[in-house]
Each structure stands twice: as structure tokens, then as C-alpha cells.
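Multiple structures are listed underneath, in C-alpha cells.
The two complexes that follow have chain A in common; it is paired with chain B in the first and with chain C in the second.
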Partner chain A sequence: MTAFIVHLAILAGIYIILAVSLNLIVGYAGQVSLGHAAFYGIGAYASTLVAMSWEVPYPLAALWAMLVSGLCGLALGLPTLRLKEDYLAIVTLGFGVIIDLVIRNLEITGGPDGIVGVPTPVILGLSFRNPLLYLLLVGLGVGFSLLFTYLLVNSYHGRALKAIRDHEITAQVMGINSPAYKVAIFALAAALAGLAGSLFAHYIKHINYESFGLHTSILIVCMVVLGGMGSILGSVLGAIILTVLPETLRQFQSYQDLIYGGLLVALLVWRPQGLLGKGKLSLKFLERKE
Partner chain B sequence: MLTLKSLQAGYGQLMVLKGISLHVRPGEVVTLIGGNGAGKSTTLRAISGLLPVWRGQVEFNGQDLSRVPAEQIVGLGLALVPEGRRVFASLSVLANLELGAFHRRDSRQVRADLLDLQERFPILKERARQPAGTMSGGEQQILAISRAMMARPQLLMLDEPSMGLSPRNVQLVYDILRELKEQGTTLLLVEQNARAALRLADRGYVIETGRIILDGTAAELQDDPEVKRAYLGKGYREVWE
Partner chain C sequence: MVWFADISQEATPQTMFLQQLINGLTTGSAYALIALGYTMIYGILGLINFAQGEIYMCGAFVTVLLLATGQVPFLVAVAAGLIGAAILGLILERVAFRPLRGAHPLVPLISAIGASIFLQSLALLLFGPNNRPFPLTFDFAAMNLWGLPVNTLEAVILLAALGFMGLLVLFVRYTRYGKAIVACALDRDTARLMGINVDRMVSLTFVVGSALSGAGGIMMAIYYNATYPRMGFLPGLKAFSAAVLGGVGNIPGAILGGLLLGVAESLGAAYISSSYKDAIAFIILILVLLIRPQGILRGRGH
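Our next item is the complex of A and B:
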């Protein structure tokens, strides 16, 4: 039982990184991405391949995963982020499908079978074979992601991002280069997803395309929406709930999807802004608007 | 200071501005009046780089603006108060003001300008920590104008500053604009509320379906029978007297 809880905690940690990073794109830059799992996958394979081929120390492999995912985010963001939201959603959806197909068909990624035997991280002679220790490593990753995101959104640049989200044209008139900001935030979010991918690959040991498809992308979007767009804490909560809930509902197997779906519908009816949507401030003026 | 020569622009295939020529000299208050869909806002959008210039020229202090991206315009000394105020609703009043000076690097002077504005409009200080979206329409317009002033513009452009405001708030906003005028700020004022605009302005242009159909001093325009009929409205006393 304890082992199961630790396993869930590790997965929840990885999803927290994914949800928090997607929240940067959705909640702060005001863009919709339906391909976040692609960057997660790119990070997982990048980290695995570099660790297996050159036996680099784990921190370097994780950094490499972030770099590769971040660069892919940059490459996708540069030509596409001038698009309006719904078009961007389609492009990112397409990107997710492409990456899924590439992973499935390349020899270097092991084709549809994936890669077995991803090495266990060893840092300064300490092996993270023990799941409890691995949980600590994931905790470090989560801590880093949360701190980074928190500092970013509360900085000078974070304020510019919020201005873009509130009203993009006005932000531009103020001299904020909104396309540049959007590309930058997209790349940073992709890099964090890469970190999550790396942590996932070296934990689960056997990776294949199934973990990084459209289903995962949508799950991450659900976490962000459930928790409330634009709220870091909300994304954390959303990730935990949507990792733990499906597992706990397993006892009521035949009713699982019903309960799970019902809860989501109920949430969207009664709290469309998500559990912790946009923080205390906006709640006040939502009431005012009505 | 600002010169438009046969400016053409539009959306997609649709040409909205069919050749606009106008100029603004330093220290002047110039107004562009016209009805709905005449191309007033489109003109400001084209000057601000928010819309591509199809043909013609936009010159500011001798520099061609037609290829300058929107986010660099403010750095050249042109600030815009957008239509419908458009404060950043979820950000605090203070953050809104600071964003007005986003492109400036002289942080000490920015600080001083901020304090000046807060002194002039105490509401900006009282509500500094409150989200801008919780302010009333008139207060938001004060904030939007102050935010644009934080850019220290040489030319301030305003897109229908009286839109959606109560008569009392319109008066308030125009009192502020008059104050700016007296301090020597150059203004380009786009308005549907021709009466208020012509009372403040030195000169004016009348725009109709993408063309300037009339221009002259504010006094001339106020006395023009066509302007009276079309823009000053039936309530304009002299028509009925």
C-alpha cells in the first residue's frame, strides 16, 4: 500500500510540473496548447537516449531534456504564435500528432515498442532506485518548477505577460513585444515539460509512445482548467486530483468513468473558472460584473 | 510633428481608409470627428502600427512609421489611449501605471512621474493596490490617460475618450484634456462627440467613409452648416433658434 502511495505521489509530482508549465501558456500568455504532451515525450526520449548512449550523469541528462524540449518549443512557437487562439490550438494538436508518429516510427526511439531499461539516476554515487528516494528527486523537480514559475509570474516580465492576457493590443501599444513574450513563455513551458519527461522516463524505465499522445495532452489541459487557469496553486491541485482520483475510483471500476466525468461536468457548471481560478482578486470583480 | 499623406489601410480585402491626409503640429490639439465606421479608429490603428499601411505615408518627426511594429511606436514618442479605455482589469492600478512606462529605462524619472500623477489624481493613489477592473468608467478613463502619460509622449492620441461615459464623466475627462493642452501637450483626439471635441481643439478634420471631407479651425467647423447638421445634432441650439 505504501509503495502504491509513493508511486502515486511520484506521478502526481510529474503531472504537477506538466500542469504548472502548461498553465504558463494557457493562464498567463492566454494561449491554448493541445500538444503539451509532445514536449513531455521529447524530454523523455532526449533524456533516455543521452543517458543510455553516453552514460552522462543524471542532472546533465535532465538539463539536456529541458534544452531539447525548449528548443522544439521555440521552433514551434516562432512561426505559429502570431496565430489566434483556436488556430494555435489546431497547430499544437497537429504538432502532438506528428511527434507521436515520429516517436512511433523512428528507429532511435525504438519504434512502437519504445525503449526498455532506462537507467536509474545516480547522483554523486547515490542511486535513486528506491522509490522513496526517487520521490525526493521528483520533489526537487517540482520545487524548482514552482519556484521558477512563481518568480517569473511575479516579475517585471510576468506583469507584461498578464497585460498581454488582459488585453493584447493595448499591451502592444504600451511597448510590450507580445509575439516575443509568447514565444519565450512557450519555449520555457516546453522546457519544463521536458524536465517532467526526463523524470518520468527514468522512473518508469520503459517508455513508449502511449504515454505522450493526445490523451495525455488533454489530461494536462483538464488539470489546468480544473485547478483554474492563471493560478499556480490551482494547477498543483488540479494535477493532484486528476492523478489520484482515477486511481481511487478504481474500486468502483464500472462506475469510474461516470463519477469522473460527472465531477468534471459539475465543476464546469458551478465553477467554470476552476477551483482556484485567477485567485482572489478576479473573484471580486466577477461578482461585480454580474 | 505628425503627417499623414494619402494614407490607405483596411482589414483583409476591405479598404477602410481611402486616402487620409492630415497633420498635427507641436503643441496643437487636433480632432478627427466622424460617425460610426467612418474610419476614425482605423486611422489611429494605422498610425500605431496595429494595422498595416497599404499605401501613403505616416511620418512622425520626419521618420516613416509605416513599417515600424506596434510595440516600438511608443518608444518614438507616440502614446495611444485606446477605445473603450482598456485598462488591464486584473492588474492593480499601480501596475497599470507602471506598464505605461514599460519601454522607459530612466526608472528614477518614472518614479517621479508616477508620484506627480498620483498627486494630480488622488484616486490613483487611493486605489493603487486595487484591480483596475473594479474602478468606475470615469476612473478607468483617468487611469487610461494617466497610463499613456507615463510614457512621456510627445503626441498623445485618444480614441473616443468620452465613449460610454456619463455626461458628468465626459466633463471630467475633457477637463483633464484641457489641462494637458494648457501644459502644452500635443493631442490628436478622435471623437464621435463632436461638440466636446471641437470645444477643446484648435483644428479639426471631418472624416466620412474613409475620406477627409472637411478641415479647418475648430471655430470654422463649429459654424459649418454641414457639421452642425450631421455631427452636432438636432439638440444644437443654433439650428433651432
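Our next item is the complex of A and C:
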């Protein structure tokens, strides 16, 4: 039972990093990304491959995962972030489908079978084989992501992002380079997703395409929306709820997705700003109501 | 050029190309029909209805289940499929979208995703995960239409799709209700001032758009001889790409985008790589958006 709780806690930690990073894109930059799991997957495979081929120390592998995911985010963000948010949604979604197919078909990623035997992280002679120790490592990752996000959104740059989200034209008039900000935040969020991917791969030890498909992207979006866009604490809460809830619904296996989809619609109709939504988005909702 | 030989025996490079082209046009016509649903709804509400693929699935299921009883004539079953799809669209609009009108654009998008997950798993519970073959068998006679290697089924599907599209264009251009929908798409507030019942027009848009998607679903259920709960998922995504490709909110654009995407996918799968078939639509979408962010046909044409 304890082992199960530790397992859940590790997964929840990984999803917290993912949700918080996506929240940067959705809640602070006001953009839509439906392909966040692609960066998660890129991070997982980058970290695994570098750790298995060159036996680099784990921190380097994690950094490499962040770098590769971040660069992919930059590559996708540079040309596409001038698009309107609806178009961006479908482009990121398409990117997710493309990465899914690439992972499924490339030889280096093990094709549809994936990669087995991802090495256990060893830092300064300390092996993280024990799940409790691994939870500590994930906790470190979560702490870093939360601190980074918190400092970012409360800095000058965070205020600039919120200005872009609330009124892009006004923000530009005030001298904020909005395309540069959007691309930068997109790449940063992708890098954080890469970190989550690395943590996931070295924990679960066997990765294949199934963990990084559209289903996961949508799950992350749901965590952000459930918790409330633009609220860090909300994303944390959303990630925990949506990690634990499916496990408790497991006994109703066949009804799981049904309940899940139904709850999502009901929640949005009842509380469009999410559980812990910030005032600004909800005010906008009231103002524009017809 | 005209080929007199039986196409199934002699697959020259040209006939293979033409066959892929026809195949692409046929699937493309289904994409176009779903894309019309997306485009009309986007045009009037600025909303991406992610559950459009499930409406497509619903149309196919109603028809297949009715035909499987063996007591319903084909055309009645098809009509019932269209009506079923339209009713589902109407319910979705009432339950998942109307309460969210005016919210942050991401909110209805997520609500649509939720509805899509819900409907897919509902279909999975009700009908099981297996493929259902189409209850009727059709004559797959190959024919040579001015040298094009078409079989009767493809010809009928293409004609029916073109017929539906033509009806839609006539409806939107020349009827009172069609014009009212366009007016709402152009400017909802002004339309209301002119005495148009905007809510009713939004419902009507959902009815018409959903019926078209349902028609696409029935056609593909016949063409691929398979109906299953997740059948609408990828076609839905691709049809949205098609709508964006043609310029969202643009009716001729959606038709053009759907057909282009179907052809590109079919040719790409045949000549480049079949394992990346599902990626082709999105690669094209990204490339088009980079060059022409407003889509191939600009603006909201009707």
C-alpha cells in the first residue's frame, strides 16, 4: 500500500511539472498548446538515449533532455506563435501527432516496442533505485519547477506576459516584444516538460509511444483548466486530482473515461475559470457575457 | 488518354496514380463534409467543436444499427443517420457550448474535448470496441469514366458528397435562413438588431453542420466497411486541418481543403511512406500556415 502511494506521489510530481509548465503557456502567455506531451516524450527519449549510449551522469542527462525539448519548443514556436490561438491549438496538436508517429517508427526509439532497461539514476554514488529515494529526486524536480515558475511570473517578465495575455495590443504599445515573449515562454515550458520526461523515463524504466500521445497532452490541458488557468497552485491541485482520481475510478474501469469527460464538461459549465482560477480570467468571462 | 484494360489486372504507374487520386478524392470528400461542419460552427461562434468527429461517428452508427435490423430501407436509414447526427449536434450546443458563450476561448475548446471523450467512451460502452461491417453489400463494379479508373461506389460517394456541398451552398446563398446564418457569422450583434434570432441561428448551424458530418460518417462507413467508436477521432482532426487549410469560416475553402488533404494523404501514403500517412495532413497544415496564415482562400466567404 505504501509502495502504491509512493508510486502515485512520483507520478503526481511528474504531472505537476507538466501542468505547471503548460500553465506558463496557457495561463500566462494566453496561448493554447495541445501537444505538450510531445515535449514530454522528446525529453524522455533524449534522456534515455544519452544515458544509455554514453553513460553520462543523471544530472547531465536531465539537462540534455531539457535542452533538446527546449530547442524543439523553440523550433516549433518561432514560426507558429504569430498564429491566432485557435490555429496554434491545431498546429501543436498536429505536432503531437507527428512526434507520436516519429517515435513509433524510428529505429533509434525502438519503434512501437520502445526502449527497455532505462538506467537508474546514480548521483555521487547514490543510486535512486529505492522508490522513496526517487520520490525525493522528483520532489527536487518539482521544487525547482515551482520555484522557477513562481519567480518568473512575479518578475518583470511575468508581468509582461500577463499584459500580453490580457491585452496584446496594449502590451505591444507599452513596448513589450510580444512575439519574443511568447516564443521564449513556449521554449521554457517545453524544457520543463523535457525534465518531466526524463524523470518519468528513469523511473518507469520502459518507455514507449503510448505514454506520450494526444491522450496525455489532453490530460495535461485538463489539469491546467481544472485547477484554473493562470494559477500555479491550481495546476498543482489539478495535477494531483487528475492523477489520483483515475486510480480511484479504476474499479469502474469501463466507465472511467465516460465519467472523466462528463466531469470536465460539467465543471467548465459550472465554473469556467477552474477550481482556483484567478480573478482576471473570470472577470473577462463576466464582462463579455451576452 | 483512355485505358480499356481492366484496371485490377494491369496496374501501370499511371493507373496506380489515378487510382490513388480517386481514392484520395473519396476520403477527401468525407474530410470536406466534416470540415464544413467545423467551418460553419467556427464561422458563427468562433468555436472549434472538437466533438465533430464524434458526430460523424454517430451518423454512421445510427445508419448501421438501423440497417442491421434488416427492416429499414437504405435511404430511410441514411436519413435517420443524418437526423441522429443533427440531434447530437443540437444537444452538444445546448449542454456543452451555450452556457460557455463569451468565456475565454480556451474554455469551450476544453469543454468540446471533454464532450468528445465522453461520447467516444459512451459509444465504446454501448457498442463495444469491435469493427462493425456495413450491413449491406454494394456492387464494386469497376468502370472507366473517361479513362479514370473509378468503381461505382467511389463515383456514388463523390457525387453524393458534391450534392450535399451544392445543397449547402444553395442553402447559404439563397434562402432566408442561410442568409441569416451568414449575417450572424459576420456580426452577431448587428444581426440581432436586424431582428434575427441569433440563438436559433446558432442551433440551426449546429443542425446543418452536424448533418453534413453525419453524411461523411455514413459514406466512410460504407467505403471502409467499418464502423467503430474511435472512427471519428483522426478524421475529425484531419477535417479541422482541412478547414484551417481552406481558411476557417470559409465554405468553399473547407471543400477545397478537404479534397486537397485527402488527395495529398493518399498520394503521400502511396509514394512517400505509409507509416507516416496520418502525419501528412498535419505537415501540410503547418507548412500552409507558415506561408499563408489565413488559409488558401482568404476571409469568410460564403
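One rule holds for everything that comes next: the second predicted complex is superposed on the first by the 267 of 290 C-alpha atoms of A that agree within 3 Å, B and C clash if a C-alpha of one lies under 4 Å from a C-alpha of the other, contacts with A are read in each partner's own complex, and residues count from 1 in each chain.
The working rule: a contact is a pair of C-beta atoms (placed from the backbone, for glycine too) under 8 Å apart; a residue touches a chain by one contact, two chains touch by 3 or more.
All values reported here derive from a predicted model rather than from experimental measurement.
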Which superposed partner A:I176 touches (first chain B, second chain C, both, neither): first
Which superposed partner A:V32 touches (first chain B, second chain C, both, neither): second
Which of chain B and chain C A:A163 touches, first, second, both or neither: first
Superposed model, chain A: greater residue contact from chain B or chain C: C
First, second, both or neither for A:A89, with chain B first and chain C second: second
Set intersection of chain A contacts, chain C complex versus chain B complex: 281, 284-285, 288
Residues of chain A touching chain B in the complex: 159-160, 162-163, 165-167, 169-178, 278, 281-282, 284-285, 288
Chain A - residues contacting chain C, complex: 26, 32, 79-80, 82-87, 89-91, 93-95, 97-98, 101-102, 104-105, 218, 221-222, 225, 229, 254-258, 260-265, 268-269, 272, 281, 284-285, 288-290
Chain A contact footprint on chain C (complex, rising order): 42, 46, 48, 95-96, 99-111, 113-122, 124-125, 237, 240-241, 244, 248, 275-276, 278-279, 281-283, 285-286, 289-290, 293
Of all residues in chain B, those that touch chain A in their complex: 48, 50, 69-75, 79-80, 82, 86, 88-91, 95, 98-100, 102-103, 131, 133-134, 147, 151
